[in-house]
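Lettered A, B, C, D and E in written order, each chain numbered from 1.
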Amino acid sequence: MIRIAGLIKQFGPFAALRGITAEFAAGSLYVILGDNGAGKTTLLRSIAGLARPTRGSISILGNSEVRDACRDIGYMAHPSLLYDEMSGMENLRYFAGLYGISDDGRSENVIRGVDLDPALTRPVGQYSQGMRQRMSLARALLHDPKILLLDEPFSNVDYRSALEMVKLIAQLRDSDKTILLVTHQATLLEDVADEFVWMEAGQIVSRTRELKLLETR
Amino acid sequence: MIRIAGLIKQFGPFAALRGITAEFAAGSLYVILGDNGAGKTTLLRSIAGLARPTRGSISILGNSEVRDACRDIGYMAHPSLLYDEMSGMENLRYFAGLYGISDDGRSENVIRGVDLDPALTRPVGQYSQGMRQRMSLARALLHDPKILLLDEPFSNVDYRSALEMVKLIAQLRDSDKTILLVTHQATLLEDVADEFVWMEAGQIVSRTRELKLLETR
Amino acid sequence: MKRIFTVFALLTGLLLSYALYQALIVAPTEKTMGDVQRIFYYHVPSAWTAFLLFTINFVASVVYLIRRSSAADALAVVSAEVGVVFCTVVLVTGPLWARPVWGIWWTWDVRLTSTLVLWLIYVSYLMLRRFSASGETPVLAAALAIFGALDVPLVYFSIWIFRTQHPQPVIGGGGSIDPRMWHVLLINWAAFLCFALLICWSRYRLEVLKREVEEMQALEALLQPRGSR
Amino acid sequence: MTLSTITRATLMKDLRLEWRSKDAINAMLFFALLVVVVFSFSFDPNAEESRQIAGGLVWVAFLFAAVVALNQTWARELRNQVLDAYRVSPAPANSLFLAKAIGNFVFVGVLEALMTPLFIVFYQLRAVGPVWQLVPVAVLGTWALVVNGTFFAAVSIRTRSREIMLPLLLFPISIPAIIAMVNATTAILTGELSIRVWIVLLATYDVVFTIACLLFFEMVLHAE
Amino acid sequence: MTLSTITRATLMKDLRLEWRSKDAINAMLFFALLVVVVFSFSFDPNAEESRQIAGGLVWVAFLFAAVVALNQTWARELRNQVLDAYRVSPAPANSLFLAKAIGNFVFVGVLEALMTPLFIVFYQLRAVGPVWQLVPVAVLGTWALVVNGTFFAAVSIRTRSREIMLPLLLFPISIPAIIAMVNATTAILTGELSIRVWIVLLATYDVVFTIACLLFFEMVLHAE
């Protein structure tokens, strides 16, 4: 459950978000669409607490301070947020520690969940781009957060795996999570998304149940 | 015109490319498809001269030494290959210098060609991901090379701009360039591609004129 | 090949024992320094052998850069490694000798310092090989080897003018040397050369074998089917 | 999930990446040796004055090692923006800070331990005062260098306003610690004066700045 | 598209970016300031004595500051793998090398220009010999440091733990240059001996290694 009111984010003179008010309910998958530079990433970063709103408020699961809810947020970004020098498993083991998860079973399961091999000893820096992307999703899912913020999870992922990912995400949605997913490949999610949120120039311009590519604009 | 014979690329004990023999003709757009880790990027890097083949040979426009043909190669990679601290125009101006292009007009045109504004003073590090991706394409097109190696140009690019890019690429193909394009969004190119090249585990497994997603495997 | 190696190893062993006998028993005792002086028979041949090996390293590196032959690279590694070992022997026997004779372990004299610098250069060469993350370590290493070799004359020259500005403890007597000592020294040197050759030979074979095994593994990996990842 | 668990995990990760193979210690030993040799060409180590300046000499060498270490402290966390992963996690900021500071302390400490015997052998140093006192001086002095260094390295990467010349910020703050370290070391080597006052100064400095760093680091880390 | 055009363009770009971020100059300046202060506390700035060791002092400070700067030389090119963009272009490798070397020469030169007055004030230095001779010594000496430093920084980015690797490779090779710089400076300050031979040595060193770097840099850049 995320509640955003009058959110404005400025970088110097440039306003990346210009007044966003919205609610996102639990158990739903919201697909955020919009042109490059529309402010999608900035919106997710604000919700994750990585960007401080210039004005407006964000409340997450009832916490008006984002930091208080950080245990419930899983965030996947454009960059991998992984150490290039460590293997996938080593990375997850370290991040699990940050969330107080001490058993390796969980990490292994998450890695298998994104269709990678937990036994891979190669450092992440030598993974292919798509493998890295999946590892990054695994990191976001690691602590089983109630809120998932996924920034273009399918980019660079092969078609077959993307379909698998969609299935995984649909399952997560069904286990009562709030999922905000930014993507440019909306057709992949046509059948599973609960709502499509269109952004343009820092604002939410429409929210639709059905996907109407290009026609909406 | 690219001719590859028996190309093998190994990273230590791991074989990323295991015997690739192929020809790519001028005036054609080849779309390379395959799972994550299939070796697509490694193939492009070998052709660009960034990875040295363990065995096998590559000849480009008749040059058996890749370096001799570098003036004719435009390469777009997963990372942006741009300086984060400089604006798009400053970046292009610098890279134009490397190719002996001294007038700014060309850079401006290329930037406009990918639907960005050459007057943007923001450094590239502050661009949104998709804008960065487009800028990266602009860098590859800058010196009007005869051979284009594009590694997932559409990833993170919004749907509308991706369609624009496809148009641009089709035009380039028609002006007699050899284009190798790696992507996971093959449907975007269904109508313009000349050939789909399927890779699997370091090998080319099939080349088809029509796109048959999933069915081929 | 194997037989020649064994025979050569036996011969080297014999020569080394004979040289030891010569050095400890036959050679005359030095008047002022006494028995400590016998370190001389190990100190000096080691130094000469180390110099020789470093020269081989240089030549092999140049050949590698021209021909890109794996054999030249293997020879370069081997000669640098063994050379560093012999150079270390010089740097250990030197202070052992200096302590009783000069009363100090170390002084910043020309010969001492230049040997130390030589050692440093080739250790840095080995470090680079060890730490390299590049697929083309041999190229980087060969470049460093050539830089190092270019540096050696400059090092020697600079230290020579630098340290002889002030009076320094003088090494040995310079001048004349008892012909019997000279004889023993030459025998020892011959023994050391054989010994160095022996180590280099086996180390070289090991290096070549290692590369062959790696190549085999790579080939095997090529032939086996693999998944995408 | 306490502060110390995460500190340990982070520290372990850093050390593991740094030491991936035991070659690392060889590299450090070699580095120490190089520094000693380089100094020997700059000062005549046999001269009488060398004992006078040895205190300064040794600390310049250590300082150099520290700067090399501090420079790379945060580089790894910035690549792929891993720091963001840390920032969205519930892990306390201070455990990250402590891990980094302790990591640098270990790194510089190991180098000091390696360099000291080398200095002694190569420069024929012989302390006139009580040598064991060098240990507390080194420990307190190194911590002083490292704690502020780690903090300011973080400040300089987090804030966009690089215009403020960082050295001009960090420099005056470090001066008391450096005066104390150098004077204490010289006092021990020459055996002339008591080092009590310097130790007290160093300890105070350490306590004050450790507390200050821990208080403000969270702010620095979560600054945009 | 000649070597010099690209060198100039690359150099300009680097200087502009450095001016914006001030990363390298900050780190260098901080370190050099600390060194001056550390030494000023470690011996009596008695004119006679300090003149003897000042040559060594100054150069050690500059050497270490240069290493700090050199470590950053290639960092910018590695982010987003921009170096690959250079490698696929027809631009000659050597123009990149020269640009980097000249850039570092400028940084270290600026640092020297800033530090020298400080040294003079802190240590009440007054040269007995002809002061103008310091200029050729500084120019030749700095180039010696910087040309090999740039080259080995490019080598060391191909290794694990790259920060520590640079001094490991650079120091042994630089020893003749260091000796020459230190001795020439001391000779000028004390006015005792001619510096002719040291200048010749430095010039030889510069010529030999500049040629070697230019010969081999292409190979290093295009190594995978």
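Keep this in mind: contacts are C-beta pairs under 8 Å (C-beta built on N, C-alpha and C of every residue); 3 or more make two chains touch, one makes a residue touch a chain.
Please read these numbers as outputs of a predicted model, since none were measured by experiment.
Counting steps between touching chains, the shortest path from chain C to chain D takes 1. Summarising the inter-chain contacts, the pair of chains with the most C-beta pairs in contact is D-E. Seen from the C-alpha centroid of chain E, the farthest chain centroid is that of A. Taking only C-alpha atoms, you rotate chain D by 175 degrees to land it on chain E; that is to the nearest 5. Centroid analysis (C-alpha atoms only) places C farthest from chain B.
Rounded to a whole number, the gap between the C-alpha centres of chain B and chain E is 39 angstrom. If each chain is reduced to the centroid of its CA atoms, chain B and chain C end up 50 Å from each other. In whole angstrom, the spacing between the mean C-alpha positions of chain A and chain C is 59. In chain A, the residues that touch at least two other chains are 128, 131. Touching two or more other chains at once are residues 117, 120, 123-124, 127, 131, 135-136, 162, 229 of chain C. With touch defined as above, residues shared between interfaces to two or more other chains in chain E number as follows: 20-21, 160-161, 165, 168, 171-172, 175, 179, 224. Of all the residues in chain C, the ones that touch chain E in their complex are 65, 117, 120-121, 123-124, 127-128, 131-136, 139-140, 143-144, 146-148, 150-151, 154-155, 157-159, 161-162, 165. Contacts from chain B toward chain A in the complex involve residues 11, 14, 33-38, 41, 78, 122, 126-131, 133-134, 152, 154-162, 184-186, 213-214, 217.
On the chain B side of its complex with chain E, the touching residues are 48-52, 67, 70-71, 73, 75, 77, 79-86, 90, 94-95, 97-100, 139. Looking at the complex, you find that chain C touches chain B at residues 135-136, 214, 217-218, 221-222, 225-229.
By the touch criterion given at the top, residues 18, 20, 24, 27-28, 30-31, 34-35, 37-39, 41-43, 49, 52-53, 55-57, 59-60, 63-64, 67-69, 71-72, 75, 156, 162-163, 165-167, 170-171, 174-175, 178-179, 182-183, 186 of chain D touch chain E in their complex.
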